[in-house]
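Chain lettering (A, B, C and D) follows the sequence in which the chains are written, and residue indices restart at 1 in each chain.
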Amino acid sequence: MSTGQAILLISCIDRPGIIARVASHLFALDCNIITSDQHRDNEDGHFFWRIHFESLKKPVAELSHDLASSLPDLMRWEQLKFEVYDTARRERIVIMVSRLEHCMIDLLSRHHSGELEADVIGVISNHPDLEPLARPFDVPFEVIPVLKDKKGEAESQLLERLVALNPDTVVLARYMQVLSGELLSRWRKPIVNIHHSFLPAFAGSRPYQQARERGVKLIGATAHYVTEELDAGPIIAQATTPITHRDTVADLTRKGKDLEVTVLAKAVRAHLKKQVLTHHNRTIVFE
Amino acid sequence: MSTGQAILLISCIDRPGIIARVASHLFALDCNIITSDQHRDNEDGHFFWRIHFESLKKPVAELSHDLASSLPDLMRWEQLKFEVYDTARRERIVIMVSRLEHCMIDLLSRHHSGELEADVIGVISNHPDLEPLARPFDVPFEVIPVLKDKKGEAESQLLERLVALNPDTVVLARYMQVLSGELLSRWRKPIVNIHHSFLPAFAGSRPYQQARERGVKLIGATAHYVTEELDAGPIIAQATTPITHRDTVADLTRKGKDLEVTVLAKAVRAHLKKQVLTHHNRTIVFE
Amino acid sequence: MSTGQAILLISCIDRPGIIARVASHLFALDCNIITSDQHRDNEDGHFFWRIHFESLKKPVAELSHDLASSLPDLMRWEQLKFEVYDTARRERIVIMVSRLEHCMIDLLSRHHSGELEADVIGVISNHPDLEPLARPFDVPFEVIPVLKDKKGEAESQLLERLVALNPDTVVLARYMQVLSGELLSRWRKPIVNIHHSFLPAFAGSRPYQQARERGVKLIGATAHYVTEELDAGPIIAQATTPITHRDTVADLTRKGKDLEVTVLAKAVRAHLKKQVLTHHNRTIVFE
Amino acid sequence: MSTGQAILLISCIDRPGIIARVASHLFALDCNIITSDQHRDNEDGHFFWRIHFESLKKPVAELSHDLASSLPDLMRWEQLKFEVYDTARRERIVIMVSRLEHCMIDLLSRHHSGELEADVIGVISNHPDLEPLARPFDVPFEVIPVLKDKKGEAESQLLERLVALNPDTVVLARYMQVLSGELLSRWRKPIVNIHHSFLPAFAGSRPYQQARERGVKLIGATAHYVTEELDAGPIIAQATTPITHRDTVADLTRKGKDLEVTVLAKAVRAHLKKQVLTHHNRTIVFE
């Protein structure tokens, strides 16, 4: 009889016996491994492990407590880090948007149909335009305008609201403002962004214009974690689609929307399932 | 110090403790797990596991012997099957072709550049046409003609040659003859075939013609294990590419060649790396 | 000075001089060709031509009248058919859905952002479930329940509503009822359907279940015109996406939704732009 | 009765009547248009036209002469340029390679199977390694070594050989030397290169290493015309393929080879069919 499921993420310097020891420990704690994914970075010897297991006797909360106290002794390996997530606990998400609706509607629609294992607890925008489209999904919509000469004030207000809402993850679903290093240094939880190019090509503003000017034959979209350096954070997901000389910037914008929606949803989903680990500004994605 | 590497494939009915027990056993045998991939079929409870490990003390041959005798006792699980492969032992492959060269040249070229972890020990064709193209790759090329009213004799000759060459795997690289159930019942080792459609659509002959007639907007290629039922064996790899109304059957044939080459190479590579397990006429591919 | 734009679709048996004669005629009528796409079916000698042009003097309505009377004399070619569409006239669309929301929301959202060059004049469903999600888009939502033993009555009611709404095109956006031959013989205007497989594979019901059972390595979606034979009408657009042994039917359903949305939108868009011509149960798509 | 076929490429500033006038002129010269593709660059009003036609009476050579003298009078449009190609005349190609065989073998194999409408008149390499692999294709293989401190001499020798061989097009099929501006200013005919990244990302050396370091989730290949600025010429074709955190640089190199082969072949084929026009460092590709 399962009393709950959890995900255990482990990273450390690889040494023989890790799998044997942890798997035996979980077995002794009456846990059954459902899926297990691992990766070894051969360049620096780091080992990454994601274990999805069910607890057969103890409640997951109690088990997490046991693991937190027992693992450090069990795995005296260098640079050990680990986290336990109760899969019954739903993550809390805040979506941020500007004027373009496609990514917001897509995420709300997936949320509505039960596809996202999380609760969208709010939408924050610097414009009021999209409020009517969010309404049928029963998610609070807040407007925090960003005036050209008062960006600092807007960011203070944004930070205050994030602190109050307390999401686990913020998703920038075509939010057209750059978040300052100041804000990022104070809000340390994950922020997922969608950029409308196949990074590192066409970082910064107007990527479809840049793509048209360079004459590329495909356009792309990139979902990544936000870091201080613009469009340079760890990449979670990317995709491209073919274009031709006939496509104007408007056509690229239209074709790109489908990519943005798909890539962002894929990245958010993987992030919520704790399938994404970061290392050296890159990601390991256990799909 | 590693004394060699091996791949252990296990399948059985899933029960708690499998990973703990096998991982501990490998650790006790001084083996270090390099990669581990597992899958549970939730419909029938079957568990599949591929472990790539290095032996730190014993030679792999000796270790394989140890595992063969110890695993059945260790894992008293229902429907247990397991195999150990020494990665130092290179598989022996025979390629079979007819008149179209692209798949043969591609495989020989990959073999030549060291991409295939196997030895191509021969090419067998029902036509002499491609012999000159195989020559620079230093692989024996044999012709076994298949005359319309003497198919049985040709198959006997083929079987005789296969028995003599003793390959681990036969690759049908656009071999345009159907192998009879009779032959398949006598040659039980894996045969990988490339079919030029996205099966199950357009099975049988002239799939590009069929695709053109139905007016599909993409064509495909499918690599699968050969079974008695034509084009119905377990699928290993598939891919598709877009086409338009402008494409004639000749265009489809040309575009399809690129797909066939890529899909067959991908399947053969996965097969050689023991990444492919079959179950219920489907495959599990641990990439 | 342009007084409007139009699209001229021509099909006939190909003969030398067609382009010269029609282009000269358009020039004489003070029309400027913006784009021109043509195709010759080499199997039966049919010629297809789509001309997008602007009228520099006369209003398009007047010009259409001129063309209608002059073209038959100008082009005494066999099997001549032609149509003139004023691009200023927006097509009228009715969307039909059942309980799955993704295709409906996507189309309404594209309509809302101005991407579809048409007016969605109504949504008809056999279930009331999706009504709240259609509300913010200001499109009337009607429910015509289909009871198991009263399908005929439901179809009569549907036909009546279609006649009253008078759409140019009906889009089946995951409408889970089969339209009878009877209804199709009385409603002759185009109906675009999305089927969740790469036809001709997995026609009929539960294609994701079928895909899972066959063990394919990619799933697809197909947008096609509805004809009497189920899932056998002319294909407008198709796409596929890779899957693995890990994907359950629920995963296929989720992954497939993204394909369905994209493929249906692409097909509807091409249809509305008069880029799709049908011939021998196949389509010519001038993208 | 056709006496031959030709391709007419026209570019000029767009004005009403171009199509009417040229199509009528071709009709008067007893020519029948087989396919016609056109494009208007809306940013600068340039018009591009590719006409594939058959001559019904005159030999193509004579016809070309007629067109050369009559078109400038017929089309007094700004910036008019035009070229006539007899499709019976096969282009002459020289392939240049270094040590990696895949692109060379692929092109020679396509040439051998009749897929390329051109004659490969020679392979030039800076290394002798690939000579045996070129042998069965009966194409002369020449070695021009490039010594570190004698690059200038090697280029002189290369230019001399090109002048002697007189190819219409040079294809750099993973030729790992940068051609100097000096050489390019003296050899003005088209040079097609394959670069192993999705340009503009990862230009320059070791793109797979760069891709691995940045942590992208797809790799690409780009075929482009060579210009003085490295990897910055007009792009003809591009494609990408997904990668994961598991892929080492060696894996990227292997996966990328399939892309390189396909993208280069597609670009060379389009170039040979005169489907590629360049404009503002971008290409128009009439597929």
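Here, a residue touches a chain if its C-beta (ideal position, glycine included) is under 8 Å from a C-beta of that chain, and two chains touch if they have at least 3 such contacts.
These figures come from a predicted structure and were not determined experimentally.
With respect to chain D, maximal separation of chain centres occurs for A (centres as means of Cα atoms).
Two chain pairs are in question, A-D and A-C; the one with more C-beta pairs in contact is A-D. Repeated interface, listed pairs A-B, C-D or A-D, reference B-C: A-D, with more than half of the contact pairs matching by residue number.
Distance from the chain A centre to the chain C centre is 37 Å, each centre being the mean of its Cα atoms. Put simply, the C-alpha centre of chain A and that of chain D have 42 angstrom between them.
Touching two or more other chains at once are residues 287 of chain D.
Interface of chain D with chain A (complex): residues 39, 42, 198-202, 214-218, 220, 234-240, 244-246, 248, 280-285, 287. Of all residues in chain A, only 16-17, 19-21, 23-24, 26-27, 30-38, 40, 56 touch chain B in the complex they form. Listing the residues of chain C that touch chain A in their complex gives 101-102, 105, 109, 112-113, 115, 132-133, 135-136, 254, 258, 261-262, 265, 287.
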